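What follows is a group of structures, each given as structure tokens.
First subunit A sits with subunit B, and in the next complex the same chain sits with subunit C.
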Partner chain A sequence: MLSRQTVGWTIGAAILLLIAALFAALFAAPENPAAPAIDIADLLRMTLTQAAISTTVATISGTAIAIALSRLNFRGRALTISILSSAIVAPAIAVALGLLTIWGRAGLIADATSALGVTWNWSIFGLHGIVLAHAVLDAPLVARILIDRLDAIPADRLKLGQCLGLGPWQRIRIVDWPALAPALPGAIGLVFLLCFTSFPVVFLLGGGPANQTFEVAIYGAVRQSFDLGGAAQLALVQMLACLVVILPVLLAAPQFGETATHRGYVWRPGATGSAISALIVAMGLLFYVSPLIAPLLRGLTAQNLLRLFALPSFWQALTTSLLIGTASALLTAILALQLSLARAGLRSRPARTALLLPAYAYLLTPAVVISLGLFLIVRAMGFAPQSAAPFALIIGSVLLALPFALSSMAPAADAIAARYGKLIQSLDLGPLTRWRFIEWPLMRTSAGTVLAMAFCFSLGDLGIIALFGTEQFATLPWAINRALGAYRTNDAAAMTAILLVLNFAVFLVLPRLIAGRHTDA
Partner chain B sequence: MLEIENLRFAYSGEGPSFRYDITAGPGTVTTISGPSGSGKSTLFDLISGSATPHGGTIQLAGNSMLELPVARRPVSILFQSNNVFGHLSARDNVRLGAPRDLSGTEPAILSALETVGLAAYADQRADRLSGGQQQRIALARTLLRNKPILLLDEPFASLDPELVGQMRLLIKKLTGENRWITLVISHLEGDTGEFADRSYEMRDGRLLPSG
Partner chain C sequence: MSRIPVLTLLVALAFTTPATADEKPTLTIYTYDAFAAEWGPGPLLKQGFEAQCACTLDFVAADSSIGALRRVQLEGPATKADIVLGLDTATVQEARNTGLFTEHSVDTGALKIPTGWSAPDFVPFDFGYFAFVYRKADLAEPPHDFQELAGEDDNLKIVIEDPRTATPGLGLVLWVKAAYGNDANEAWAEIAPHVVTMTADWSAAYNLFLQGEADMVLSYTTSPAYHRIAEDDFSYEAASFDEGHYLQIEVAGILKSSPHKDLANQFLTYLVSEKAQNIIPTTNWMYPVLPVDLPEGFDPQPEKTLLLPDDQVAANAAAWTSEMLAAFR
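The block that comes next holds the complex of A and B.
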């Protein structure tokens, strides 16, 4: 039987080989001389500007929510944190559509104002719409990362600060800041990366070439100008920019899948402070939840659903999404598990880093770039992109989910090795016995999280399908995009509602189903 | 005089319940001992306002303390660890104890640091100093705060024996000079000897005079 390390190194090598193939395909892509010239400097400026503004807004809002939440102790606090956690899997296309449903010209606010006889002229399209959507998606993520740090402040320190009568600003500066500071660079880096490489939001809310970013320009170069060389050039510049801007900060990135720390003590502020904190948390929740609820309100009507259920294209898109999501989730979990167990058995630090590095490299590779690379590889192998589309979608989804999966599973595998490694060795347990009695019971919680996360990533993806989607081959997000393009907004809202229900049901239920009553190491 | 009578507290669910009766005068050191989880630290949480009792009274010089918010309770508290903010200098840590209306704060801070033998370290970051030095910074801060009640929750547990002796002497001296009512939670045998004026023990959820 192959050793775990052999399996791990084989997977690592395969991922590395795929990176090499992607790069080779990007470098060899043919140019289209008839295609319009692309102003890379302008694209870079625009992408950096929107990412910087979005990151600033999301970080400030997220930090305020986390600080406010740390001041409160109420029934439903754990649920509030779970809702914030769901931001990591909230489909960007649903948020963009939700914002359109609320703020758009035919949205809920326009309906309300027209009932009052006032015409709603404000447009959500443009930089402000992009920033708003990114804040909705990423502020809860920042809050979720930071609340763990604030909840981990030792009870003694809080009691001491309270006993000393520190004012609200002193509390932030002296007690909160030392806990937040180590986590902020990683959180900011992650949010910047997500905004820098955002596709669905800019695609749907950008409002034209003036607010175009790399992702949308790559999509345009492939699907409109068929300038594969130009698209490849953009992809390479974008990856380089990601590397230069992000890598130093990303090294400090927070881990996902962390469980909330036990709160030893709650330092409640006075009545005014508590009221302000409650208001901030309520506004933050409303800000995040309303774009997700809006499509449900508009889309989940009997009339919409009946029309949708009569469309064969809807059932085809739903089946494709579920099959690809399931396959991606299973493959992600298997690969992450093998890599994590292989790494846990390694002692040499460089070897441990080297084993996971190829998988982490995809953190710097946006979905559209992976999609473009796979698209070029498939063409170079002589296949029609449509025929290889399901495999490309699964591979792309796995590569995107793998870094998040590893950051959840690798620490769990390490903890088992550190705690029980010697005992397992002394008992001379075989790999299957070890897996069945020790590793699976102790890792099933993180395995559940990984499966749910990978499924949701795949279900909500618009970046990879963007280059492979056709009328015959569609996933739910692609079908939503097509419905929007054909002004079938009710169909789009109904499909978004179904996407959201599926997404959050899987995210909330699957980890609990798999974990049962077990807790990870 | 600090008088605690029939003070009761119980954790929710099936947790243990506690009852406290204790009297302590100014300028005295009172030690409290008992096994882990017996409710010693809970008493300090009740006195400092971090927990709310289910019944009973806490009076200082005849006035009830129970209605006062945490920040206004006449209490300084020192824990086994986490008594200083590591990223601040010794001086800034002590400054946090200065009353808002204290005139000439700087000389008072230095004087407090001098009293605990740390004037030379005033501008050092607290996390660069030893455990004993950090405890002394916290003591300097309590000097500046000058609250009548000093609560010490296992303050010597992380110190080496030589430092423990020095700290006991310092606390005893400062308690006498400032007329503090000092309550000390301790597992150390030496704390019930010359150091303590009175000793209590937690037994079966009740605080009883020991010996």
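The block that comes next holds the complex of A and C.
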């Protein structure tokens, strides 16, 4: 029987090898000397500015939502938290398009203001539009991460604070802040990375070349100038820039605390405080949910659906998406589990970081690089890209989901090692018994989340299918793109709505099914 | 760990299709997606050609025509493709420079293309003109040239495609260049304030326009015909520009590496036959290269055509694109 550490290091090494192979494949590919020169310093400045502003706005609003939620106790609070969690799997392109239907020139607000006789001249295109979209997508994420910390504040502390009669600001400073501070670097780091590497949002709402990210420039280098070597260089700069952010975060962030958090005590503020808190939570939900509702209303009409259901290609795409999603989810869960368990058995902090670093590196690798690299590798190995397409799709989705899967599973595995490590040792439990009686029951909640998340990531992929998709091999997002490319906007709207429903249904329901009675998300 | 190979195997089985045992040769055509889609010309052309060729015709769709070319470039001589279909006037020279294409033996003498056609390596099969499309109800007096467009009130917004990633975007750069030559720079500076955004591809731009985010969208003179014929919606028009409209000719070429060159030539001959050309207008929404009767709903072609020579385009496209982008910084 292989030791858990051996398995873990093998997986880590395999992932690292794959990254190296992807970049090697790109660097080996022809450069295009005629390609327009790219001003990397300018690009870095634009990307950093955008990411910094977006992260600041998203973190502040997310923190406000979390603090407000911690003041409240109402039916549907658990559901509210679940909805906020779903931001991680919300397809960015659908949210960006949805934002237009609210904030755009012909959107809800413009309609409302013109009904009042005021012209709505605000344009969503530009830096502010990007920031708005990122805030909508990422503030719920920040809130979701932080609310766990706030809910975990021991009841004694809360009761003591209440007895001392702390004011609202004192409460934030003295009671909330110590709980929030350890989790903030991780949350900020994650949001920064997401904004730094953002692609569909910047492309749709950027308004032109004045707002770009590395991802956008890499896409252009590949697509237009066929400068694969240049694209690989840009990707490397992006990775380095992100590493500067992610390394300190990984090293500085204390390991996550307890797994399951049950609120011990609710310290409710006075009437004004409660009202303000309720308002903040309601606004947060409104900002996040409203752009998602618009595409649903537009897409789910009987006429659209009937037309769509008659298309054989739709059913084909749906089946492919579901199969690929299932395979990706299972593989992600297995890999994340092996890595987490291996890591939980390690003591030294550098080793613990090193084990997860390869998986995190994918967060920084642009989808174009993954997709193009896989394509080149498949070719070099002598396979037809069409026959390799399902594998490339699965590998790509797994790699994209793995960092998020680890951030959910690794703390759970650590907590088990800390709490039951000695017990396991003294009982001399074999790996299977240990798994069956101790680890699985405690990790199934996290496993459910990971499966659902990986499934949704795979469902939403548009980066990898872009190179591997054909009319015979299509996924749902690919089919949406095809419909949009042929004036068939109604089909696209219906499929987008179905994709959204599927996404949220899986994300909200699957973890509950797997966790069984152990639900405590 | 032993579960992973089993899983991989299961997925592999799920996607493996049984091999076909027939001995007929297969002609493989790489093209852009809308061409091969079930609503595009692909299926009808396949049906028509297979009825006469004793062969199997396979369309393999990339996300765009440039994507199809990139795929062939990546695959090199080992590619399965016999033909790349859908390249256009702006990209044909780049395709030529790859050295992957060979000459065809199709008689193109009878083809009717506004600027004529004489290239020995690519066969033109349809064409269209770039144009700004608008809703009649929103724009009673559409601009009649780029100067009028530039002089419109700042509230008149247009959405265009990024020339680095989308053929219409590049087409617009060439259009303005062909119309204004060395003054293109200033023209761009005046047009820029009207551009609400620049999208990655045609579909994103068109979709934004349909959603009401802009008054006009860079598309084709034939776009209104789609709404009229397929949707029975007569509210869209293409603005007619006095400077002329830039021409986009779509072409197909045979690859040097193809083992089926005779068959490939037969297909291209079929592609420009009256039978195939009748299919093009209402499936690909472009003008046919033979004078076949256009269905009701198509506007007459623009009177003045603009087109820059292939070699000039290939040599300067990058510089002109940078010049245009500079106006937006």
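One rule holds in what follows: the second predicted complex is superposed on the first by the 350 of 521 C-alpha atoms of A that agree within 3 Å, B and C clash if a C-alpha of one lies under 4 Å from a C-alpha of the other, contacts with A are read in each partner's own complex, and residues count from 1 in each chain.
Note that a contact is a pair of C-beta atoms (placed from the backbone, for glycine too) under 8 Å apart; a residue touches a chain by one contact, two chains touch by 3 or more.
Keep in mind the model is a prediction, meaning the values are calculated, not measured.
*Asks:* For A:L236 in the superposed arrangement: first (subunit B), second (subunit C), both or neither?
*Replies:* In the superposed model, A:L236 contacts neither subunit B nor subunit C.
*Asks:* Mind working out whether A:S123 is in touch with subunit B, subunit C, both or neither, as first, second, both or neither?
*Replies:* Touch status of A:S123: second partner only.
*Asks:* Given the superposition on chain A, which partner contacts more residues in subunit A: subunit B or subunit C?
*Replies:* C
*Asks:* With the two complexes superposed on chain A, say which partner A:A278 touches: subunit B (first), subunit C (second), both, or neither.
*Replies:* A:A278: touches no partner chain.
*Asks:* Taking the superposition on A as described, I'd like to know which of subunit B and subunit C A:P209 touches: first, second, both or neither.
*Replies:* second
*Asks:* So, A:R105: does it touch subunit B (first), subunit C (second), both, or neither?
*Replies:* The answer is second: A:R105 touches subunit C but not subunit B.
*Asks:* Which partner does A:L331 reach: the first (subunit B), the second (subunit C), both, or neither?
*Replies:* second
*Asks:* If we count contacts the way the header does, which residues on subunit A are in touch with subunit B in the complex?
*Replies:* Counting only subunit A, the residues touching subunit B are 154, 156-157, 159-160, 162-166, 170, 174-175, 178, 265, 270.
*Asks:* Which residues of subunit C touch subunit A in the complex?
*Replies:* Checking each residue of subunit C against subunit A gives 1, 3-4, 7-8, 10-12, 14-15, 32-34, 36-40, 42, 59-63, 66-67, 70-71, 73-75, 78, 80, 155, 157, 162-165, 195-204, 206-208, 210-214, 223, 226-227, 230, 285, 318, 321-322, 325, 328-329.
*Asks:* Please give the residue numbers of subunit A that touch subunit C in the complex, ascending.
*Replies:* 2, 7, 29, 34-36, 97, 100-101, 104-106, 121, 123, 125, 203-210, 219-220, 222-226, 311-313, 323, 327, 330-331, 334, 338, 375-376, 379, 384-386, 390-391, 394, 466-467, 469-472, 481-482, 484-489, 492
*Asks:* Spell out the residues on subunit B that touch subunit A in their complex, using ranges where they run on.
*Replies:* Those in contact with subunit A are residues 45, 48, 50, 69-73, 75-77, 79-83, 85-88, 96-97, 141, 145.
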